[in-house]
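In the two complexes that follow, chain A is the common piece, with chain B as its partner first and chain C second.
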Partner chain A sequence: MAISPPSTRRRMHPSRRQDTSMAYIMLAPVLVLLGIFVIWPAIQAVYLSFFDWSFYTESEFVGWKNFHDVLVDNTFWEAVLRGLQFVLMTVPVSMVLSFLVASLATSVSRRVSTVLKVSIYIPSVISGVIASITFVIIYDYSGGLLNALVNVVGAPNQAWLGDPRWALAAVAVPAVWLGLGISTLIMIAAMLDIPDSLYEAAQLEGANWWQTARFITIPQMKNVLLFLLVTGFVGSIQQFELPLVMTGGGPNGATELPNLFIFNHFRGDAYVGYSIAAALLLFVVLGTISSIIFRIVNSEKLVD
Partner chain B sequence: MKRRTLLCAAGASATAAGLAACGSGTPGQQADDPAAKGRTQVEFWGNVFTTPENAWYEKIVKDFNAAQDDVYINYQVVPGDAWDQKLKAAQAAGTAPDLYIQPGRLDTAARTGLLMPLDDLFAADVLAGITDAAKEVSQYQGQFYAFPLLVEPQMTLYWNKDLFEQAGLDPETPPTSWDEMYDACEALAPVMGNGEFPLNTAVDSGTFGWTTVAAQLHVAGHLPISEDWSTADAEDAKYEELIGFYKTLQGEGWIPRQPLGEGNSAQAFGEKKVAMQSQGSWAMSELAADYPDVVSATGVAPWVQSDGDLTHSISTIGNMKWVVDAKAKEPEATASFIEWALGGDPEVLKPFFVDTQFTKAPARDEVTEVVNADPAAEDAPWSDVVFEDIVPHCIPEAQYPWDINLAMGDALQAGMLGEASPAEALGTAQKEIQKVIDREGLAEIRAEMDA
Partner chain C sequence: MAAPTRSPSAAPAAPAAPTTLAPADRRAARRRRMLQPRWILTFAMKAFFSLVIVTLALFPLAWMIISGFKIRTEVVSTPFQFFPEVWEWQNYVQILGDAAFLRTLAITGAGAVVFTAGSIAVNSMAAYAFARLEFAGKRFVWPAVLMTMFIPGMTILLTSFIVVTDLHMLDTLAVLIIPGMAAAAHIFFVRQFYLNIPSSLEEAAVMDGCGRWGVYLRIFLPLSKAPFVVVGITSFMAYWNNFVWPVMTITSPDLYQVQQYLAAFRGERASELGLLMAGSACAALPIIILFLIFQRQIIANIKMAGLK
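Take a look at the complex of A and B:
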């Protein structure tokens, strides 16, 4: 026979009951804010997505029309595919670079390690807008630093942000640079958690750096790598500031990532139903892909 | 990029300047000015414009606030790309400013109820003084939805006479047709150094979207949508020729592959990185303010046309208007400011046109008379070109939704870059425009507008 909840509560130790109450009290502000700024707007967004919503005139119920318009719109799917392409350009590079820098930082002296960690973290505190403007200056067609270097080797100026072949990669570079600090620090923390005994055993067996990394470091960091993969994926596909400031989505839509696509509709359309429907569908797409990643790369409790 | 966005987006320096110019540093937040106490407060949002325009806006607000004790104008500069989302967010929340500045056609905003009709806010004689050209871009279904500040052509040709002379060209004879433009570029190319170009034009979709509307009409005799807005009409072979013009310019290396700056800026010309540029008439005021050393060597002419015929649809014309939000809290007070600044004594408006180097046409004839009487007008020979050779041959900005401008801008860019053949690029534009027509129900909207 199941124990009724009241009797359970009656039997709860007083100190534990106090802990639970305190937890609810401390969670309350966050839950209230979450409700006001996330949950309620999300519910409202779903509701409004079924309307031709105008701010000043009466909105008209249009059913699934906005979703239909988005789903049959090639430009939406092109933006999503471009987002995935951007993820492939940024996340693997970022993870490999972070891993290498983290490995270096954990194997050098404490002083050098500190210098390395500070250097790699600095971009993380720079605003995306400032970074965008800096890279626009670097990529400038006439007078930019990069083209000055290109000229040194005798090549003509390249339209880094004006050529569809280069533009997305040109935006990916600052994206990697900006994200490197956080992922490196997380990897360093994960590496420091790996028991030294594993490395000592490997050393006794004569393992080299690559073997140590492959058979000890990477498997021990599996959960952290999964976390960085999923957050990197979501952060990268949702990149917005960089293409907005650097290219506005051009040339020829080559850098119009999903969020910028939605934003451009939001500011250009007379009604905002399309933008809301596109945002909701993007949410579904991102959620699906994230769950697939979790499914493929299972997280599990580490066993020393 | 949209014209408005372009005007706003002047990079970090403009953003910083804009923020510095804000009364409170935060757009939409009221300045803590003791003079505002006890008065009816009016929120007025503006953008970052050229240097003399920014100075005029600051001054006009200050002068009005000092001239009377009933109304206090709180002028806020909303910089850069923040404009669109800032205004939309405010509209959604019902906290939009009473008054703001808007370029482009007003039809969509009027139709969707965002703007307050103005006819009842002003005495009939105040509105009667507005010129026909300015009425065209300020009215919707015969009702004023904006008070026009000015009209200005959005495509003119600027050339550097010194560089023309160096290239062996007649410094007083600019090109008028595409073929003459090719010849001029060919002659100028050897004179220009690395990273410098004979000509600077739009090279991105957004700028193409608003700068080529008149050229589209000129070459094809129609716009890329049927007159009743029921079908797309973008697959005209004449549009392929227009794409071919830009493709040739780029293929020969006569224009840059990447924008040399903002689409509405004369910076590259001012820095002598280009010998010619296509730009709105406002460029002259920018040059005079920021690059005074190039003014004496600068010529202004109508922008080149396919056949050299400079007597029809050589540029769109329109631009800055003051609009009152449909939910304005203080419409009467707002109107009193507009009437004082734009609709009253011409001497109040005169400095705007003088300081912007006689490159913009006033929206009222009596202001034009006062401006033309200014002694400095004689030292601005380009003003005759702008008002006599360009303005009479312009067309109003496009009335259809921006997505249609952008579809043609995309086609021009794709064709120019060789991403698609001109015919393929226009085929894509055709589909995109038809999609917008169907999605937005443009045929019904057009019928409603014509009713």
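Take a look at the complex of A and C:
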């Protein structure tokens, strides 16, 4: 438990009375920094969302107008739908791949397992910019690796990032590549927690790999899978660095995910109330989801 | 992967074997099992899939590094070539001899070190206070700090920009280092670690006349290596890989951060792909090496994050 009841603690520490001043000395840097650079901007964001604010002119109170503008703006909803589409392209693929890799990593020798874990995690430490640059060259129209492979199969070159049909999927690939490591490691940890006796029983009954996965591994990992699903959703729908560097949101808005949509408005609009309102609306939804996850995590196993 | 995931007999490659047998019997049993076609098939499949996974995971990086060895026209060429015709060092020599690129690496590295040290210092002190001290207002302060973890960057991106403009921090290294230093996630992580340090250690020190600061400095800090490594590496990587914030706040090329430099390079010198790939490889390598040095701690930490 985090904080023992004061009565018992007081007996343990005779110097308890001095704690408040010491605590605030230790907390001061964090409280000042979070206050100035997180909490104040958050309050400002809520405040400014009701104004027609600009760097250049007097701001004007407009009430709920910004929110109304966002909610009736088709381009906003298109960006949100595109975000959901992007989630569908990345999260299921990444869940299935992590599950398969984790299953493999838990069934091989320790040394092979380490090699697998390290190699699957290495992409996660690479920056979005470097991943973008690398994949842009892989997708290059006239001399890229992917088109060379496509040609081998006999298909003509495709403009992967220039064609609205392919662009979003082309951004989804590096997103999966970058994110696979963490979910795989979490799944490995969860798989190692499942009691061996369950698998021994299954083996006596002659269960095959699929049956074991279907009736033992997946049900036993229910909480972890739910956690990864929701964090994957929240993380994926907020992705914007990859499309920002790879395509800038193009072609024709095909890769303009919700956060990139907001970011482009930040940079492009003279009046920022709209983009702040859009960011807040998105935050309300994602914040709700995050707090639900946190409650699940907290209630299940995160006991102090 | 034809066998059940993890039972001992289905994983003959694992060192663990049934414990009741004598070592010699065990070895013999294992040898017998290894001769069965089914075992060989499983083993071959696992080896094959392991190889495929390692290759796919590392391929884009290998591709980037190899492309750095190509002359300009070879990086994207028809017909396509995976390996360069002649391995050329010139891109790496040129990019590492480029004063602007070197300055970018140095300034990003220096900023990352300061950021990391600051992040460890402020977050660990706060973690200690939240884990071990009773103070007035704790009931409100802790949830408030925790709450900041859930404010998405995008929501406060513009208002943070307004704040740092008002503080005259634009286009200084301070704007890159100071705003992100305090992080609730780090505080939470270190606090979790401190909660598990037995209080008897503290009591003994207090009995011996150690003050509150003494307890922190002489008992908690020396025990904190593991969480500090995790917080440190995470902070360093976050700083090194940061892109959007530097792009918004840094305008003088003298202060360009490495990711910003690479993105600008791609925009301005689009034809020099070999050079760009060499530069990207040089920018990725420090982080990869850092990860490889501390991979055990980082991976253990992620397992803990897996709801434990």
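Points to keep in mind about this one:
As a working rule, the second predicted complex is superposed on the first by the 242 of 304 C-alpha atoms of A that agree within 3 Å, B and C clash if a C-alpha of one lies under 4 Å from a C-alpha of the other, contacts with A are read in each partner's own complex, and residues count from 1 in each chain.
The definition used in the following text is that contacts are C-beta pairs under 8 Å (C-beta built on N, C-alpha and C of every residue); 3 or more make two chains touch, one makes a residue touch a chain.
Source: prediction; values computed, not measured.
By the touch criterion defined above, A:Gly248 reaches chain B but does not reach chain C.
By the touch criterion stated above, A:Phe263 is placed in contact with chain B and with chain C alike.
When the two structures are aligned on the shared chain, A:Ser107 is found in touch with chain C, with no touch to chain B. By the touch criterion stated above, A:Met22 is placed in contact with chain C alone, chain B being left untouched.
In the superposed three-chain model, the partner touching more residues of chain A is C, compared with the other of chain B and chain C. Once chain A of one complex is fitted onto chain A of the other, the partner contacts of A:Ser54 are limited to chain B, with no touch recorded for chain C.
Shared contact residues on chain A (touching chain B in one structure, chain C in the other): 129-130, 133, 136, 142-143, 147, 151, 244-245, 263, 266, 272.
Residues of chain A touching chain C in their complex: 2-3, 6, 9, 12-16, 18-20, 22-24, 26-27, 29-31, 33-34, 36-42, 44-45, 48, 100-101, 103-104, 106-110, 112, 115-123, 125-131, 133-138, 140, 142-145, 147-148, 151, 174, 177, 180, 182, 185-191, 194, 196, 199-200, 202-203, 207-209, 212-213, 217, 223-224, 227, 238, 240-241, 244-245, 259, 262-263, 266, 272, 275-276, 279-280, 282-283, 286-287, 290-291, 294, 297, 300-302, 304. Per the touch definition, chain A reaches chain B in the complex via residues 54-57, 69, 73, 75, 129-130, 133, 136, 141-143, 147, 151, 157, 159-164, 244-245, 248, 250-253, 263, 266-272, 274. For chain B in complex with chain A, the touching residues are 1-2, 5, 11-12, 81, 84-85, 88, 91-92, 94, 108, 111-114, 194-197, 203-206, 256-260, 268, 273, 326-327, 401-403, 406, 410, 413-414, 417, 419, 432, 435, 439-440. Taken together, the chain C residues at the contact with chain A in this complex read 1-11, 13-15, 46, 49-50, 53-54, 57-58, 60-61, 63-64, 67, 75-80, 82, 121-123, 125-126, 128-131, 133-136, 138, 141, 144-145, 148, 150-152, 154-160, 162-164, 167, 178-182, 184, 187, 192, 195, 199, 202-203, 206, 211-213, 216, 237, 240-241, 243-244, 259, 262-263, 266, 273, 276-277, 280, 283-284, 287-288, 290-292, 295, 298-299, 302-308.
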